[in-house]
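Down below are the structures I want you to see.
The two complexes that follow have chain A in common; it is paired with chain B in the first and with chain C in the second.
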Partner chain A sequence: MTNIIDRRVLMRALIVLVVAAAASIAFGAWGSPAVASTVDTAVAHASAVSSETVATAPQVDTITQTAVEPDEEIGTNRYVQQFINGIVFGLLLALASVGLSLIYGTTGLSNFAHGEQVSLGAMLTFFFATQQPVSLPFVPVEFTIGWPLIPSALAAIALAAGTGWLQDKFLWSPLRRRKVSIVQQMIVSIGLSLAMLNFIQWWFGAERRRISTSIDTRIDMGVFTIGQTTLWSVAIAIICLAAVAYFLLRTRTGRATRAVSDNPALASASGIRVEKVVRLVWIMATGLAAVGGILLALYDNAAAFDVGARLLLLMFAAVTLGGLGQAFGALVGSLVIGVAVEMSTLWLGTDLKYAVALGILILVLLVRPQGILGRAERVG
Partner chain B sequence: MDIVLDALGTMMAPATAAFALAAIGLNFHFGLTGLLNMGHAGFMLLGMYGYGISTQHGAPIWMALIIAIIAATIFGLLLGWPTLKLRGDYLAIATISAAELVRYLGRSNTLQGLTGGSTGIRGNDFKFTFEELSPLPDENITILFWTNHGTKSSSWWLMIVAWVFVALFALLFWQLARSPWGRVLKGIREDEDAVRSLGKNVYSYKMQALVLGGVIGALGGVIWALGASVQPDSMGRPTTFWLWTILLLGGAATVFGPILGSMIFWMSLVIIKGLASAFIPSSVLSPVEIEPFSLVLVGIALMCLVIFRPQGILGNKRELAFND
Partner chain C sequence: MSEASVETPVIVNADDLYAGYLPGIDILNGCSMEVREGELIGIIGPNGAGKSTFLKSLFGLVPIRSGSVTLGEDDITNLRADELVKRGIGFVPQSNNVFPSLTVKENLEMGTYQRPKSFKEQYERIGELFPKLVERKDQRAGSLSGGERQMVAMARALMMDPQVLLLDEPSAGLSPDRQDETFVRTRDINKTGVTVIMVEQNARRCLQICDRGYVLDQGTTAYTATGQELLKDPKVIELYLGTLGA
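Let's look at the complex of A and B:
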């Protein structure tokens, strides 16, 4: 892969993003008469849903906020507001899906346990940061750690990245060596996801946990408002993604990673240590997922054990949309999915917003299975 | 002793039969054809909705069953159309997304009038047509050690009907698997291109298998609903993963694999929970934690099965669809 192709790929990504943004804003203007009523119903939905299950609770909070605010503050535009929310959500989603895409690219594995890595990041941060007594599974001793947020987050990221290393060392690498087929590995990852999901629930319970108790102050930007914490989250997300991009495009190991993605056999033959690259990719992917989980938990005010499980299919949608295995595709795909998910709440009930992303995924598979940035190759 | 009786009772329960039936459907997909359907719970849920909603609107039982079957057929056709030409893992992602899409739509407030939103449809609203057919008395009946109601909900009546269905579809699987049609499907599983070069329409065969398996899954869903209620969140992704565990445990591409797998799966869940609450002190593992703990074991069991014994208990190592 040369630089010229990269530039072309990036250009295409940019065009797709601009078109998607323009389309969603155009749709927004077109659908404006209906909006007043949908916002009301959205609020009604939100309050109706919040009483039912824990599962829907995280999305409800953000929506009540965004849905109520435009009525209070004149001058904010709902479409712009939802578009910005979508970009924020997309960036945070991208942290998780870039890792998923890197793993797919280098090993061919669709990792169904990636959602749990996201939850793990959020819940480990809660574990270190909370003032409440916590305990370990099977150990009947309660203790309080109560570190400040930033050291807890760093510890959580380090631990989560450690699980990536452990997984690759003791699970995936032996499986690859035994030449276990990709389909079998995929089902193993499903088993792992089932085990990890329930392990996290067992450890932290089913309640939603807040990892930060401070209240987010919202800054008025004219046509939209954005929380201060959210701005920080976006900055961190952009720095992380830029670092990944720099790593992939400019460093030697990053080039090696792309070479392995392109053709593992050839990469191995030209002296790249494929196993080492894959190990690094696993550590990066799980670490990034943890960062994404923590930032999403801050953005949503709280997180439950299944936060990642519900995002997994959105990640798959983003990764497929961008082209399986293309790291930059995952970024663009996440932004498109994020914007689509948040903008859809202007017309549809908030409880349908994830359904929109899945609808997009199925449409993409129908029209362009290789994704926006993928090379046209036979996938059948 | 209670644990043993509970475990044996679970082995015969309608829920076990419902999962066995759904796993037989999955066996048509994966065992016979090698399709990676990760959205089987979606078929089950559609069957439940088809049956429940049409009964609510006054359809007789045969019509409700036909509507459930039609719903699953249409879902299978829609799902297969874009995905069956794609590679296996694309099919997996598409099916799991489609199943979740069905669940999200079912539990959304927009469709509350039809599907009952996230609370679903109460058992009393759709079980009566089935219970009216029961020849058994309307009271609790004790047979040996087990007491169940004769007709209501998880009754002896439902148990008999459920296992008759399982037996019929196991028979159907056995007959179809050794028919020329089944041999073509096995050929597709082993080597798609070879079958294509023999002039068979692979796409059409895969579609037939997908729809047939999906319909059986929908019937499994109906039986599950008759024992419980139509609840969209009971048919999420974990249900699909349990079905896979059941199928791989018993042995894919075998006649009795799904049935044996379902029995062992539900029995061991009961046994684990019973033993855990009997022997592990509640300070170490509180009652709330037993459920996730037992499901952690299910996940680990699935991983170990796939790695160490992918053919399951009854399966034949040569008949494996993991060849991609």
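Let's look at the complex of A and C:
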């Protein structure tokens, strides 16, 4: 792996993370009186779960967002807690960002509709988990769904990945074949994003939907606590990201994907079916976005139709911060953004947390224009 | 030099090609070429004559509007590049000819993408031709010098074990000693039985090593003869070779 991701670059990425964390903790120690009144979102998150009345019926309900009072837990360190929350959020964000980065790398497209793929994952899981009769158009079959979470999630991921295949087959591939410029394609993606957003809202309504009704037990890790479901989500995210890394670095098709990202014309001249690789990337990217959406819905207890749209700028920030088109850059960028977003709430209002992330993006790009893992190429 | 004669079968035949990048604007205006098995063909001509376009049209990278290209008995006009690779044609572009984020070894692996089982055997064979690349197998291709990249590009194309190799200005941007090395290597590759079609700006050096040369002018084939004949042709000397390097 080290021959692909330069050791020095990896070290730099780690240093950025460690310095950000250390600075946050140090700054927090000086400013502790000021932060005493801030809401510990992680603890609030825990209390939100425990204070909610959970339906015992298999049918999934809708919830409304309620203000939650902070509930200090003895032994937890708010800075460590927020840092861990940031890592968790970063990992979940990475699931969506990696796909966005792969699409950009292989096609040059900044896909503004990627956020809706995240929403689609969460909303389709809600759909499959809700007990209701379903009939298919043109097929005289009616059946009832209301499946448990895991089969619902798997069905949602498969369907979302299928939309990636459909999109590339009937929209993006014909546009590429007709040599439609990247800017025009980007505008198409904005239109698609709006269409998908409205469609999802029309289908599922504007309420926040819960995809799981089980109570998330908090596990005390000494200086921080973490929900059992969150721990599972983190494990799934790490497994998915490791699988993507393995695919890109160790498999023939993965190396071909990187080759297409580098130079599609040369990849074609090497005998690689570029269109096939791009199709696979679309399927992977939309599937990963769906996984991200489902895990985010679990992490936040619920998700609305615009959960992905709200994250889109953060995804772009993560992809740009890590290095445009670099799948591993998207991972590192997401972690930095995740930590920045969560830790900023210690000192600033939660309304400003996304602004902090985008501020960090600007600062890093001023110092390192190619992003954290982006590499300046030798000329000549 | 290889012993290609009139009895040797024709492997590539381009007949009266019209091609161009933009609709309605032809760069090639009736270009023809006949290449026999095992030949080393040099294509020279002034800037804008359509040399690179001709090579790219053979490889399906520029759409052919009229005319035909055959490989042996098969019509390969406007086939996709990956189809042509499957049929045994390798192409080395003039620039952007490596995958910068891939290591040298991974770049070579891409050469055997369609026949992954042959990688080990081809890697050993190429390792003997380009020992420097084996030494740098784990280095990112993007960090190599221009000459080294050119070497990787040629080696990648040879990993396909092609019957025909298309080289687009392989000496462009290289220092004189590296240029010499490139020409010698091209000759060596041809000696192993690979038919080579090479476009070159360094016309004199190209004609010195090639069996036959084609001189292109304004998208048409202006002259064709053996390399040695073209080197001595007063018209070619006056128009394309100049007298300084003679």
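What to note about this one:
By our rule, the second predicted complex is superposed on the first by the 309 of 380 C-alpha atoms of A that agree within 3 Å, B and C clash if a C-alpha of one lies under 4 Å from a C-alpha of the other, contacts with A are read in each partner's own complex, and residues count from 1 in each chain.
Just so we're on the same page, a contact is a pair of C-beta atoms (placed from the backbone, for glycine too) under 8 Å apart; a residue touches a chain by one contact, two chains touch by 3 or more.
Everything numeric in this text was worked out from a predicted model, so none of it was measured.
Looking at the shared chain after the overlay, A:358 reaches chain B, while chain C stays out of its contact range. In the overlay built on the shared chain, the residue A:271 is in contact with chain C alone; chain B does not reach it.
Once chain A of one complex is fitted onto chain A of the other, the partner contacts of A:261 are limited to chain C, with no touch recorded for chain B.
In the superposed model, A:214 makes contact with neither chain B nor chain C. Once the two complexes are overlaid on the shared chain, A:251 sits clear of chain B and of chain C alike.
Applying the stated contact rule after C-alpha superposition, one finds that A:135 touches neither chain B nor chain C. Touch counts on chain A: comparing chain C and chain B, the chain ahead is B. Shared-chain residue A:228: touches no atom of chain B or chain C. Common to the chain B and chain C interfaces on chain A are residues 380. Residues 41, 45, 48-49, 52-53, 55-56, 110, 137-140, 175, 180-184, 186-188, 190-199, 201-202, 205, 309, 313, 316-317, 320, 348-349, 351-352, 354-355, 358-359, 361-362, 365-366, 369, 379-380 of chain A touch chain B in their complex. Chain contact summary for the complex, chain C toward chain A: residues 59, 61, 80-82, 85-86, 91, 93, 96-103, 106, 109-111, 113-114, 116, 138-140, 142-146, 156, 160, 173. Of all the residues in chain B, the ones that touch chain A in their complex are 36, 38, 81-83, 85-90, 92-94, 96-98, 100-101, 104-105, 107-110, 118-119, 233, 237-238, 241, 244-245, 248, 281, 283-285, 288-289, 292-293, 295-303, 305-307, 310, 321-324.
Within the complex formed with chain C, the residues of chain A that make contact are 3-4, 6, 252, 255-256, 258-259, 261-263, 265-274, 375, 377-378, 380.
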